[in-house]
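Notes to accompany the following structure.
Letters are used for the chains, namely A, B and C, taken in the order the chains are written, and counting of residues starts over at 1 for each.
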Amino acid sequence: MALLELRDISKRFGGLQALSLVSMNIEEGMIASLIGPNGAGKTTLFNTLTGLYRPDQGEIRFQARSLVGMKPESITGAGISRTFQNIRLFGHMSVLDNVLVGMHTRLDSSLVDIFLASKKFHAGEKAARRRAHELIELTGLTGRENEWAQQLSYGEQRRLEIARALAAAPQLLLLDEPTAGMNASEAQSLMGLFKDLMGRYVKAILLIEHNMRVVMGVSDCVHVLDYGEKIAEGVPDAVRRDPRVIEAYLGTGDWLKNAQR
Amino acid sequence: MSAALVVPGLCLYIAVSCALAYIFPQSVLAFLLVEASLLLLYYVHISDRVKFLLGGLVLLVLLPVLGFSNAYYFEIAIQIGIFVALALGLNIVVGFVGLLNLGFVAFYAIGAYLWAVFGSPQANNFVPAIMGGWFPLSANWFFVFLLLSIVVGGAAGALLGLPVLRLRGDYLAIVTLGFAEVVRALVNNLDKPINLTNGPRGISPISKPPLFFKPLLEFFGIQVSDAALYPMYFYFLVLLLVCVIILVTQRLENSRVGRAWKAIREDEIAASAMGVPVVRMKLLGFAVGASFASAVGVLFAAKQVFINPESFTFMESIGVLAMVILGGMGSVPGAILGATGVTILNLQLLKGLSLWLNGLRQSGAVWSIPLLGDLSLANLPAQFEPAKYERMIFGLILILMMIFRPQGILPPKQGAKK
Amino acid sequence: MEIALEILPQVLLDGIVLGFMYALIALGYTMVYGVLEFINFAHSEIFVLGSFVGVEVLLLLQSAGLLATLHPALILLLVIVTGMTISGLAAMTLERIAYRPLMGGPRLVALISAIGASFFLQDALRLFESLWRNTFYLNYPTLDFLDRNLPITASLTIPVKSLLVIVTAILTLLGLHFFVNRTRMGMAIRAVAQDPDTASLMGVPVNRVIALTFFVGGALGGLAGVLFGIHYSLVNPYSGFVPGMKAFTAAVLGGIGNIPGAMVGGMLLGLLEAFAASYLSILTDGAFGAEYKDVVAFVVLIVILIFRPKGLLGEAVRESKA
């Protein structure tokens, strides 16, 4: 059974049908990509998945459990975490604290533990810090732990977003344009990171990406959205040749044909 | 400066300033110098152990000695302590969670009235007569009420927070203000149909905390009158309360709760996406801040012996807010510095200035101002007294800080050690 | 029950007078909120400033001996125009000094500055009056032509003062309606309220429009201040807080940012308060009286914000994207 199952998800904003009847499965062990032109509804789908929006209709099942109507924090607790397209770090907090916030649901020290600074509290904090340092190292931010997040460079901030999302120990990681604004070599190293994460840190990744080199390089499966509808799904090579996908990206070209006639 | 010289230098400074304050008990300046020694201690680079040792020496030994020589010093130190505790509570709400609470004084009032009503004969007015004569409760109940006030204040904070915490920031600010006004109006008017609060006439006399250690003092042959003992007693109680609040705040700050609070302040949506239960954490922040204020209220009521609604106006809320902002939102040392600074400004500097001006006015001094001619101070209207213009001072603090240094004087340290 | 019916016309009249004052003040909050999404906390002091300007003008006329000789209409015009102009200019200055440097930052920063400005202005007024008149509680001089009652029916008379408030407020509100909907500058204000970025791309001078909004809102507040002073006579620097809070409640009640909403909200709140003041004691058999009218207003505010934060006519508030 699939790790995540979406069935007929629709979402409307006033007169705009942002998503209509979108269905997809994300299997365990899979890096899936979600592509489509600007405004196709990709980020809306992420927001619906993570509980920021409630779908007008449809069903979201994660590990056989329905997520519709759950709060964002509960969905994170259930094992899905995400990054944001327009970087939303906690700017006036240290890099380390940003990652530690991600572990909120994994720390179980009660208020009494905190007030009394109990053994349990110290043990939990120590383990959390150890794991945070590990994730910081994994994303190549070692040495920057005590700097404020807002002081990092753009690329570093993108990586910190990933480290923070990983801190929530997700089974499914959602990445919203992780390589946006990066140069080729930075994107290349991030692709390596995605592959390293699989199995060791997460069971599956779903990423929104515009960089086709990245999409084609890492994806096991590609889903294409256009005007809120899913128009194609399959392995990268098949999707690349799909006439509907080409049409969505480049237009029909009908006017061209007509002109030539 | 070499480290070897710092510690003796500090000791010398503390000794000289204390000696000055002791020799000139009327001098505001001398006492300010003593208070500044704590700030100095915070800034110098010496080991924490020495800092605590010297700080402890000043707070636990030297200040009490000065206080015994001049009870006014105790009064000021107690006032400072009360405002430091309030500022630390508000700092959690405004500085950590990022919610502007303009009605913080409501929780302070709740705590104060909690003890005032039951620690005075007031409660006899509404508790059925069969149980009459119970009140005032004996002084020993003070500590029970101190604990109780933490619960009641926290509950009041949560109760207010529950419906309003979903509101946007500026609306929330106005609602908290409205809440405080409602609390004040209730306190002001609930002397009928049942006399709960005695209305604008206030409540008096309120029991003081028990002098449980007096037998011990007598055992050692120390004879001190109660009147001389109480100021010192309150001084140590306030100091203890402030220390507990600082400890609790620091523990919270460095735990998942404090991190969640700051994450909410920075970006609510990202925080919830990271698994932070936003509403619950906001409620907790509201409740913790409220419980601090409420506990301080109990202490305030016991110290004042008499309280009325006048002590719990919007003005007080803004005063505490000014302290937090001046010191630096989200910074514990900042809140302490802000509260100390503003309280001293109010109690010592402005009052001193007023007295000095009145003196000049009576002596009929004349100032020559170039171009404008002579200004006879005797002609200054009697209404003009600097001490009465604290709103102007708070207002200026708020505006200037927001424009030129919104992060405050002692903002949270970046990359602070854990 | 008979008492309740007997006082009804009086209660209605009180409510309407109060309602117009709240509406005039609420417009200042709502217009500024419309263009800047910012609660101008110091607006209540702009209102009080209007009261003080009014009393100063009257006192100056009095000491010049002109109060008895000038035509009543001229006196009123002079007081109102001066009050409106100075309040409007003060609001503009305030915006320039205390708010404009902070726009673009977090909203709470500007709100805190506004609270500071409110406090500063209260004491500044007090300082000025203390130095100038050696007291800061001032009484409006009695104007004979206003201290009369107009008989409407056998049992009902209307004080000329109340009539003055009602007529002036209606004329002003009509004027404002014309200004906002029919003039170039009014349309520029609405454009900036819709979308400041696009408005600026369309060549609307956004900063000037904001300044103008503050001037108009401040002038309306100043007018309310003058009318308040004429009607209730006594003014002090701290008398703005409660009416200010209530006018803000009225603005929220009608839907903040919404100009007709402020008028509706002000009128509703004024009536509600007048009814609460008179009938609360009758309803509860004397247990709770007029002293709870402020509580009623604040409870209304809290309830509205919780259940209908966009207000009765609301939708004009731009949801800033999270």
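Simple rule for what comes next: a residue touches a chain if its C-beta (ideal position, glycine included) is under 8 Å from a C-beta of that chain, and two chains touch if they have at least 3 such contacts.
Owing to the predicted nature of the structure, the values given are computational and were not obtained by experimental measurement.
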item	value
Most extensive contact between chains (C-beta pair count)	B-C
Farthest chain relative to subunit C (centres taken as mean CA coordinates)	A
Per-chain CA centroid nearest to the all-protein CA mean	B
Distance from subunit B to subunit A - Cα centre to Cα centre, in angstrom	46
Centroid distance [mean C-alpha coordinates] between subunit C and subunit A, Å	50
Distance between the centres, which are taken as Cα means, of subunit C and subunit B, whole angstrom	35
Per-residue overlap in subunit B, given as positions that touch at least 2 other chains	269
Contact footprint of subunit C on subunit B as seen in their complex	98, 100, 102, 163-164, 167-171, 173-175, 177-179, 181-182, 185-186, 188-189, 192-193, 268-269, 314, 318, 321-322, 325, 380-384, 388-392, 394-399, 402-403, 406
Partner subunit B, residues of subunit A touching it in the complex	50-52, 71-73, 76-77, 81-82, 84, 88-94, 97, 100-105, 107, 109, 111, 114-115, 117, 121, 125, 146-148, 164-165, 167-168
Residues of subunit B touching subunit A in the complex	248, 251-252, 254-257, 259-260, 262-263, 265-267, 269-278, 284, 330, 412, 414-416
Complex interface listing, subunit C residues touching subunit B	38-39, 98, 101-102, 105, 107-113, 115-124, 126-127, 130-131, 134-136, 241, 245, 248-249, 252, 286-288, 291-292, 294-295, 298-299, 301-302, 305-306, 309, 322
